[in-house]
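Each of the next two complexes has subunit A plus one more chain, namely subunit B in the first and subunit C in the second.
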Partner chain A sequence: MINFVLRRVASGLVLMVVISVLTFGLLSIPDTDVGRHLLGPAAPQEHVDAHNASLGLDQPIWVRYLDWATAALQGDLGRSWFTSEDVSTTLANRIPVTLSLMLGVTLVTAVVSFTLGVWAGVRRGLVDRLVQVLAVVGYALPGFLITLVIVLVFAVQLGWFPAIGYTALTDSPTGWLATVTLPILSLSIPAIAGVTQQVRSAVIDVLHRDYIRTLRTRGLSSPRIVFRHVLRNAATPALTVLGLQFVGLLGGAVIVEQIFGLPGVGAMTVQYTVRGDIPMIMGVVMTTVIVVVVANLLVDVLIGWLNPKARVS
Partner chain B sequence: MSGTATSATTPATFLRRIIGNVQALLSLLVLLVILTLVALAPLVAGPDPTSADLSSAFGGPEPGHPLGFDSSGRDMWSRLLHGGQLTLGGAALALAVALTLGVPTGLAAGFYGGWFDLVSGWWVNLIMALPAMVVLLASRAVLGSTVWVLMVVLGILVSPSFFRLVRGTVANMRAEPYVDAARVFGLRDSRIIARHVLIVVRAPIIIQTALVAGLAINLQAGLEFLGIGSGDAPTWGAMLNEAFTNIHQNPLGMLWPGLALGLTSGSLVLLASALRDVLEDRDDQPHTSGPGEHPREADTPTTPRHAGARSELLSVRDLTITYPGADSRPNKVVRGVDLDVHPGEILGLVGESGSGKTQTAFSILGLLPAGGRVSRGSIRIGGTEVVGANERTLRRLRGRTVAYVPQEPMNNLDPSFTIGDHLVEPLCATARMPRSAAWKYARELLHQVEITDPDRILRSYPHQISGGMAQRVLIAGALSCSAELVIADEPTTALDVTVQAEVLGLLRRLRASRGMAVLLVSHDLGVVADLCDRVAVLHRGRIVEVGTTEQVLTAPESTHAQELRNAVLDDVPARQPWSPREVDAQ
Partner chain C sequence: MLRRMRRTRAHTALAALGATALALSGCGTGADDDGEAGGELTIGTMTMPQSLDPAEAMGAALPFFQAVYDTLLLREPDGSYAPMLATDWSYDESRTELQLELRDDVTFTDGTPFDAEAVQANLERFPEAGGGQAQTLSDLEEVEIVDDHDVVIHLEQPNPALLFYLSDAAGLMANPNALDDDTLATEPDGTGPYELDTGNTAIGSTWAYTRSDDYWGEDLPYDEVTITVFDNENALVNGLRTGQINSALIQEVDQQDVVADDEDLHTVDQDIDMQSLLLFDREGEMNPALGDTEVRQALNYALDREAMLEHLRSGQGEITNQIFGPESVAYDPELDTYYDHDPERARELLAEAGHEDGVELTLPKMQEIVGDPLATSIENDLGDVGIDVTWDNLDEGDAIQSIMVEQAYPGMVMNNAQPASEWVTIVELVLPGTFNFLGTMDDTIAERTAEIQQAPEGEAADAAQELNRHLVEEAWFVPFYRMTYQHVTDDSVEVEPQSGMAVPSLYNYSPLD
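Coming up: the complex of A and B.
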């Protein structure tokens, strides 16, 4: 198991290096004159050149990458080219917002989809058909359209929650809850639709297995078989999908944070990438890659713990 | 379990099946209407989508402007249709890129494996680890704000979904013997791919295409909604963005672009799920040869009736098991079976496959597969009626009075639990033993089934032990709660010959030492002759002969018992010994 974790961490590190090279290279293709952009068209050329040199932009690209990488390894992600904010500080302020959103959505999704999926898979009949219709609707509608409808109904028409803004958890727990409820709700609906389907079909699949029948012949009760044996075996494919959903939430967070005006990483991505602010974008990309690698690792460890066969490979 | 039997359908039958499916037909129609309107936008949309007239801002519908105006007084209907061209066209481009990249590479990786599989698999993992939205935003900063370039990037980002699907399907199929056979016959790879592989992956690709199309439309609209994309040109996403900014003045402005988007991607998802039903036949029915299809034969003897009293251990009378048939006519797989198993005896239930042996065994345990039911008759175990009994009653019988040894040992152990858990759980839950005592007893049980290192086996998971060992464990499980009757369904069929002999010996010794009765379901008369006191012969759902093993095997009365005997016993002429000459002569 330790061996397995170490190998996954190593491959995650390789992934980070490759992605950082790719991103850095791609971002450097358009030769934006940052100095000119900042100092304006009237500034004398030598000032512009001096500013560019102070950012290291007079160096060849591989030197710039190595400079960035050595600094990043020491924990210094640099400063924004355009606002000269410290990248690490900005990220540290914004990561908790996005992460609490993603964790909230994953928790809600896990609880609701396992409950609905097991219920539909075991009971079948009307419940099953209802769950399937819900899943199709949730999957079919674009995520941001669902968000817009939720804003329209709960914030604009009913006025139950604020349509925009964010309160930190440390400032006021109830205020925080009020500002994240609608974002979490709107990100959860498509996620629940996808994961419930997966849980349902995994449960149905396991219920048809021969060993379930054999367990019944041993005199075990139905609830015991469902919660101990079916759930454990159905969890593997369901967790894989849950992990993919978590990674997908990073994309969903971009739009949802924009709509609700949440000061998270997603909203920041839009601002800085459009301007081509390399230090900031590199910070965002590295953060997301770390989140993806850690999430995948957690899913793999969890699956290995639940499923002894997965531990071998 | 999911029988993805994608039969090689011709395009004509495929079309006919789609038209026969209401959901597929309706969603296709909706998509066609939307596509036609969007494609003909310059002809049917009316006014220029970009011409603004502030005096009619937020204006309602009027003649020539069926959907009214947006915040700058531009015609909504015209913007909707023209916007569809960019939205749907962009999604189509992304889809085309994803298909071109994903399908051929997936085919090659799945079919040939090797280094190409490794390298492409690594690339795909890389692409999937990239946060799509960040990459799209970054590539917009890099490549400029044309929607088409962005859609190519989107196509690259979603291509792994095709790659993985095709690679997985082809790799599974590649392992099938018929592909090896085609190679042995000297067929070229290109021909094998064209004739066999493409047919297998066709249906999954079609389904996935519909799903990815919906995804591409949603992502495209999402980008436009963020204001990243085509700039001033109308798109559904941009229209939603504009309506959302004015959500307080005109909440209804979101209705039309939202509806267009929802209808299009909704129809695509519904189409995909309907296509899945149409293209992938799912068959949950057990495979029993349907006697209902055959008229009653003249030579079928009447079932010998038991005149005597019913056995106090297991007594089956007039058992009839019915499945819903293909043409909604009930399909009787077991018809009026009478059986008795007396304490301590081994009764063999023999018959060819599809004769109803296993169905009879399952009905005694109260565990018929979904769809099957006992439509007539009575089953009594230890005096308790099983037919129509509730779950509680059945559960009290299972394990303690009647137990079960299955056919395929490896499929009958839960892969997530150790052998120890398998034995201890029923001891605690069914026999109400304390945990520590249960572990001790489980070890003792493994001794009884002649396992030499019980401690290692108790700690092992099912995939770590051999088939013969697994069958011993399952026999130990059947004995664990001291059942008086063990139903063994072909307990040696899945094992190789030497292990078969060991397991048969074990069953014989256990019967001698524990005195339990066994209902042995088998098609193997050798096993039956070896073990059974009495034999019942089942043919097409009826008992055609019952008697002592010697009687039935040496002097069968019924034609079917004779046929069965002739088919297995060695009094058929032996074939010529193999001689190398014959091979040389060819």
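Coming up: the complex of A and C.
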């Protein structure tokens, strides 16, 4: 298992280098005149040129990349070209917001979808059909529509939760819970719909295996069979989907962050990419790669723990 | 019985959930003293400052700066000027020398006195530092120090908008000891009524300010001011409706409709931004047809502005054919409707100019300004008279480069403020420069603008109105309408709009009686 983890960490590091080169190259392709964008249409050209030079934009792309990479390896991700904010500080402020959503949604999705999926798979009949209908509805409804309705009902009309903003967990745990509840609810509905179907299918599949029949003939109780044997084997595909959902939330959080006015990395990434703010986007991408690598590693380790056969493969 | 118990349990659970949620929401956001005197003022905005260095200040982000910096002159809500760091000012006869008398009781936070040297250092740095407003002081020759509290600003030529600029970005005074550092961008150092609360500020999303204990002037009503940036008006309106934001400017008509349905919100209307088709190529260098006055006039006759205003902005605004707003001395109400919607006349004009077969016009389309309904409306109206419009989609990052630097288009649809100072509009839209990058000029415009520039205080009205009429007759622009924006506040705050600016000054907020 240790070798497995070390191999995954090493491949994660290679991935970071490859993605950093690709991202830097892609961000440099548009040839946006950053100085002009920053200083506006009225600024004299000599000011624009001087500003571009101060950002190193008069250098070849490979020199700029090496400068960035050298500084990044020393822990200096630089400053935003557009707001002068320190990239590391900004990420330290914003990553917890998006991670709060991602972890919250993953937790809620895991609990609810495993419960519903196992229930539907074991009970079948009306319960199964009901769960399937709910899953299809949850999956079919546009995410932004769900979010708009949720904020309108629970925040604006009922006033149960704040409609906008974010309170850090360290400032106020209850405040944090209040500000992330509706966004998590919004993002969880389609995620639950997707994972529930996976769990249900996996449970039905496992229940039809020979060894389950054998266990039944040996007189094991149904709950014991479900929780000790079915769930363990059905978890593998479901966890894989859950892991993919987690990574996908990095993109899916954009709309929710915008609607709730959350200062996370989702909405910010769009804004800064359009502007061509390379230091900030590189910081976001590198952090994202780390989150993705760690998430995938955790999913693999969890699957390996639940199902020893997976470790071998 | 069992069913009733279950229902009761369900109701209890729901009530508990609601109570918990209410408790959470109370803990999470907002305080009871929000918007009240001595409490906290929370402003929501969609404008983000790139930096808090005064040299990089922009008018639309001025409140971020006004919290920590004072300007030399105070611009009152009605656009008139009042003392601030300068207590008195006067021009010489040539209007190239402006004498300023400065306060002698103001210091920066480190004890450095605010004096003539500070003014000289700030003003002389401003045009050199390369900020977005640097050109507003491009006429600056030097700042002469007369004594510790008197300076004379020497200009290369008269600048009728200088007082406006000294009450705006160029007039923000920073600690001279900090001017050579890079720290001002994130650690502002001024003499303003507040200090930046760096612990609660997350640059890029929220700027928090706390009252400066030893402010030299009259205290503003709030102990704390928070300005939060959002990227959509839906979030702003939700924040206003739930009391998490005390005040915000709402520009989109559909969000204004949502506000109108909420009895707890207060609104103040302001017609400020003119939406127009700005023409750059009036000599026909890129598109020969636009060199004909008749074609430019045909563009103006072809648009059904009433239908545009009604359908695109629910009638919220005023139709106009001129670039100067009602607060400017150049404004002439008759010119608002100089060009009626007259497609037949437009076709005649095109024929007179030899374009019976039509004209092709390629324009840039930035989604932030030209939404699909506006693009379709313009395309249909112009297409109806034989002007075939093609839209090129541009994103925010490419727009300035493509339009201003590469000069790829003969015009663009743009929203421009209509400030009280006619000279600000002239510099921005008429004289060779930002939106006249091809440097088009004719004798009338050259003579009238020279007259306005040289005119003594308050004596430029006639020349300004003549210039305005000439620009309309020659169809230099294709204005659509002035758009009504709404200053929306909750039930604790009132705000007074700022003349010539969509964003109110920070001084204009007060508790609602």
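As a working rule, the second predicted complex is superposed on the first by the 301 of 313 C-alpha atoms of A that agree within 3 Å, B and C clash if a C-alpha of one lies under 4 Å from a C-alpha of the other, contacts with A are read in each partner's own complex, and residues count from 1 in each chain.
Everything that follows uses one rule, which is that a residue touches a chain if its C-beta (ideal position, glycine included) is under 8 Å from a C-beta of that chain, and two chains touch if they have at least 3 such contacts.
All figures in this text were calculated on a predicted structure; none of them were measured in a lab.
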{"item": "Contacts of A:F82 with subunit B and subunit C, given as first, second, both or neither", "value": "second"}
{"item": "First, second, both or neither for A:R209, with subunit B first and subunit C second", "value": "first"}
{"item": "Partner chain in contact with A:R224 - subunit B first, subunit C second, else both or neither", "value": "first"}
{"item": "Contacts of A:Q258 with subunit B and subunit C, given as first, second, both or neither", "value": "both"}
{"item": "Which of subunit B and subunit C A:R275 touches, first, second, both or neither", "value": "both"}
{"item": "Touching partner for A:T240 - first (subunit B), second (subunit C), both, neither", "value": "neither"}
{"item": "First, second, both or neither for A:H51, with subunit B first and subunit C second", "value": "second"}
{"item": "Set intersection of subunit A contacts, subunit C complex versus subunit B complex", "value": "30, 148, 151, 156, 258-259, 274-276"}
{"item": "Residues on subunit A engaged by subunit C in the complex (per definition of touch)", "value": "30, 32-33, 36-44, 47-48, 50-51, 80, 82-86, 89-90, 93-94, 148, 151, 154-156, 158-165, 167, 172, 174-179, 181, 258-261, 263, 267-268, 271, 274-276"}
{"item": "Residues of subunit C that touch subunit A when the two form their complex", "value": "18, 21-25, 27-30, 48-51, 53, 58, 130-135, 182, 185-186, 202-206, 228, 230-232, 234-236, 238-239, 241-242, 244-245, 395-398, 400-401, 403-405, 428, 433-435"}
{"item": "Subunit B residues within the subunit A interface of the complex", "value": "1-2, 125-126, 128-134, 137-142, 214, 217-218, 221-222, 225-226, 228, 240, 244, 247-248, 251, 254, 258, 261-262, 265-266, 268-270, 273, 284, 362, 365, 367, 391, 395-400, 402-404, 406, 408, 411-417, 425-426, 429-430, 461, 463, 474, 477-478, 480-481"}
{"item": "Subunit A to subunit B touching residues, read off their complex", "value": "15, 18-19, 23, 26-27, 29-30, 136-137, 139-145, 148-149, 151-152, 156-157, 205, 208-222, 224, 228-229, 232-233, 247-248, 250-251, 254-255, 258-259, 266, 269-270, 273-276, 281, 284-285, 288-289, 292-293, 296, 306-309, 312"}
